[in-house]
Amino acid sequence: MSDLTVNLAGIKMKNPVMSASGTFGSGVEYASVFDVSKMGALVTKGLTKEPKAGNKSPRICETPAGLLNAVGLQNPGVEVFIRDYLPEMLEFGVPVIANIAGSTGDEFVYLAERLTQTGVAGLEVNISCPNVKTGGMALGTVPEVAAEVVKAVVQATDLPVIVKLTPNVTDIKELAQAVAAAGADAISLINTLVGMVIDVDKRKPFLGNCIGGLSGPAIRPVGVRAVWEVSQLVDLPVIGMGGITTGRDALEYIMAGASAVAVGSAFFYDPLAAVKIIDELDQYCTDHGVEKLQDLVGAAWKEK
Amino acid sequence: MSDLTVNLAGIKMKNPVMSASGTFGSGVEYASVFDVSKMGALVTKGLTKEPKAGNKSPRICETPAGLLNAVGLQNPGVEVFIRDYLPEMLEFGVPVIANIAGSTGDEFVYLAERLTQTGVAGLEVNISCPNVKTGGMALGTVPEVAAEVVKAVVQATDLPVIVKLTPNVTDIKELAQAVAAAGADAISLINTLVGMVIDVDKRKPFLGNCIGGLSGPAIRPVGVRAVWEVSQLVDLPVIGMGGITTGRDALEYIMAGASAVAVGSAFFYDPLAAVKIIDELDQYCTDHGVEKLQDLVGAAWKEK
Amino acid sequence: MKGPEEFSCRVIEQDALAPDYYLLKLEAPELARNSSPGQFAMLRCSEGYDPFLRRPLAIHQVDRNKGQVLFLYQVRGKGTKWLSMRCQHDKLSLLGPLGRGFSFSAAGGRAMIVGAGVGVAPLLFLASELRAQGWDLVILMGARNKSGILRPDAFRECGDLIIATEDGSCGEQGTILDLLSRELAKSSFDKLFACGPLSVLKGVQTMSREKGIAAELSLDERMACGVGACVGCVCQGHDGSYLRVCKEGPVFSAEEVVLGE
Amino acid sequence: MKGPEEFSCRVIEQDALAPDYYLLKLEAPELARNSSPGQFAMLRCSEGYDPFLRRPLAIHQVDRNKGQVLFLYQVRGKGTKWLSMRCQHDKLSLLGPLGRGFSFSAAGGRAMIVGAGVGVAPLLFLASELRAQGWDLVILMGARNKSGILRPDAFRECGDLIIATEDGSCGEQGTILDLLSRELAKSSFDKLFACGPLSVLKGVQTMSREKGIAAELSLDERMACGVGACVGCVCQGHDGSYLRVCKEGPVFSAEEVVLGE
């Protein structure tokens, strides 16, 4: 067994493989499928202050090597989450990171304060959701706006603050620098790409919400490139995600500069994807004499 | 045979299916494979004033349901193009659209002037190439800069001017409006997404150029959404492209608002893709009592 | 109830029942043991990423002694097409059992089962369990034509089978809803169970309300995870909230849900 | 020369020559008629989009009378894996013939053919054509071990075959470049033809320069279109310009190209 551990901005993980927000429920859904306590960390679905009903059906549309989703942040609200879901998530004995999705800066501050001292190990600030009318991506495309939100969240909590960015921008580097300067402890890359499918038979958009977020292997090259760019520029740990389905995919992200990786859509393809990835990372280290997986972070630009 | 014709900003095409720039050589490469004169129009590889050597190998990397390319606009220069390649392209008896890829506004003007009166039916202004150091995408991400280039090109030629935009921006609507106001006659959507693949064995970027442009079915939802947004906002014909491989894919774009479509990466999957798409469009019209294919343009938002 | 698990199952045999309709038999002892009627599984339908998502299929029949599970499905698109080309000895990746199945009292009673088209898939398992628990069954099967009438003999072993086809090529001519309203007028039932296209489910929902008979409906929705984790597969509950078809369903009582267009 | 065409070809048979090495025989009369040694075809290796790109394979052998074309390939990744599972009667989509093949004078002479690993694939067609035109051939085949020595008997029919394996499990022990330099020292040749990994091609290039013997090398590069349209598959020409491997190649004279790392 090689050393797969990572200390991500103070969050100690036994390996770098996390669940991607919104794809893993509260973990219990997969508890009978595999040993969830093997994961490096769990990330919750995006949380809001009040319960949110989400978008109308259909919410899922398969696309070549991926899918569009337009869930619209359906969640029970932060109170019910803390009462009914968080305890069972914490039972896995794995760091739980709360993904927060305010529609205003104030809501973000509320969520950050409320979740501090509840047992969660960190916050992931979701200013990148393409499926909501207010907040979401709108807060994550202008550097000044993003920085303001992040600054407020950082002040409201002593938890590590991870900021999740959208790839739907002209220059992700600019945003990464802005949130880094605002005090972020880590950066998650990437949320989904905005996309759309037309139902040719009905001659209208397939999804209830018209547009959706594109995820899965299809977007992997976009995510790898975002990590490559940001990790070279900003001195913060990066969590890479977008289409990771195998250990090699995870290694692409790690070599591009990610300290940790998240698995999302791959659970739909293979519910055992995350555990297989952990095993494959271990195997790779063994086969290639890598003592500490973290030594490979950024290898593709460090060894150039 | 239904009516598939389209008059695209003055370019009369017998059907809306064009080749996407850079994927179809000068057409002669496919002349023995299928009857190229069946195409609606042919678009050339991006042309520059001087010959361009392009990027170093490897230039192609397969990705899930798509590929990255980093050709870097290798082309013989506009003079040699006009002398050696254009005549054989014109022989197909199909409108030829020249894709021009200056690295400065002046070069664009030079190219536009030089190509006027040569027999080409229109110009596609490529301010969206992700694979070159200067010009390319850099000119296509800031509305004012894009508008300036387009204005200059429009003044330099009496040919229809199509502007090809990149999806690698925060707000493609803003760009579309800017180039429309600058006098563009049509808009092409989308060029490739910027992406990257790491060679895990070598621990370095796979492509000689590090980054490349992502195309193919993987990006189709991104292209459809761009067309949906721009076609509702801007009163110009839109040419849709990105992952079109079948007649249904083309119909998605048309219903999203595209007056014409271009086939690119699909040639690599199936060299007969374009002719099959033309046949499938015809069949669809016959099966569904659509007299004129152009009646379906924007159906997904018009019939809402 | 045991939670779902991931299995790699060997194909025992696969038969084309009619053009585009297949019966797939898998070696899956644990799934056979742990499934209940109305539950389903998510099957991977590719070697690679095309298609990327798994496909939900209802547990059609189980043989607990032999450790076998059967699926009955129609080829719709590339996923089911791929599945239909699997042969004996091939292995399939499968997650199951999933969802909430049908519920019925162990005390027995008289039930009407309504299956339209390939909607009969989950109903054979249901019918045989009901039968085993002493229920009396009337089973209505409807389809466009004869080739859509699937496994009539197996259903006939569980109760009185009435068949209707729209073109009259098998059984009576007419729609399944015509049949249903006639049969409900004729005699009384303790419970209705239905699976099929939305229009049929809506008809059953309406009639169950009118007649005051409890009904359970098995719904169909696009799914990604199948386990309730992604909240992608919702239908509307009566209070306006969204219910996950893969977790709170796929079987819902008729009063629980609002059926869309 | 006729241009490439798209064909849908029936598999006549497919044999595993060694673990991971396959010989695929297709019914393809036009391709058999129109191909020349060193040319290749682009084969679709999926039912869907995974993989999306076609795979280039050299024309290994043709039987113009029977209208058959053979491919010899090694399973490397998912494309060739998919291909290896095709059976008799399956149909394959294929674009060919493509590229510029080997060139040789009809007057004959003495040639050395160098094939390393699966690099022998294009060389059997070449050897039999050379033989038919009266050339004398020495054929060097090299591989890591015995199972990488492919179709020795077929090659032996065309000339003197010398085999080397790195572990000595077949033929002599040593590398193919060792053999080559020994044979070039022993006797004289009018032309060298080579296909294999870059290191081997580089060695051949160097020796051909030293000895002043014309050499032709078949190169390998990632391809998308295969017809010269996308300019994706380049190697470096001697003047610094880029040459398309699928169009100006895959066979280049040793002086034409600069071989990279």
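A few notes on this one:
The chains carry the letters A, B, C and D, assigned in the order they are written, with residues numbered from 1 in each.
Heads up, the rule we're going with is that contacts are C-beta pairs under 8 Å (C-beta built on N, C-alpha and C of every residue); 3 or more make two chains touch, one makes a residue touch a chain.
All values reported here derive from a predicted model rather than from experimental measurement.
Farthest chain from chain C, judged by C-alpha centroids: D.
Chain geometry summary: the mean Cα position of chain A and that of chain B are 33 Å apart. Averaged C-alpha coordinates give centres for chain B and chain C that are 47 Å from one another.
Once the centre of each chain is set as its mean CA position, chain B and chain D turn out to be 36 Å apart. Touching two or more other chains at once are residues 64-66, 216-217 of chain B.
Shared contact sites, meaning residues of chain C that touch two or more other chains, fall at 49-51.
Shown here, the protein chains touch in all possible pairs. Chain contact summary for the complex, chain B toward chain D: residues 22-25, 29-34, 45, 53-54, 56-62, 64-67, 69, 71, 74, 216-217, 245, 265, 267-272. Interface of chain A with chain D (complex): residues 64-65. Taken together, the chain B residues at the contact with chain A in this complex read 63-66, 68, 141, 168-171, 193-198, 200, 203-205, 210-212, 214, 216-222, 224-225, 228, 243, 248, 251-252, 255-256, 296, 299-300, 303-304. Across the complex, chain D meets chain C through its residues 46-51, 78, 82.
Put simply, chain D touches chain B in their complex at residues 2-6, 44, 49-54, 93, 95, 221-236, 240-242, 247, 260.
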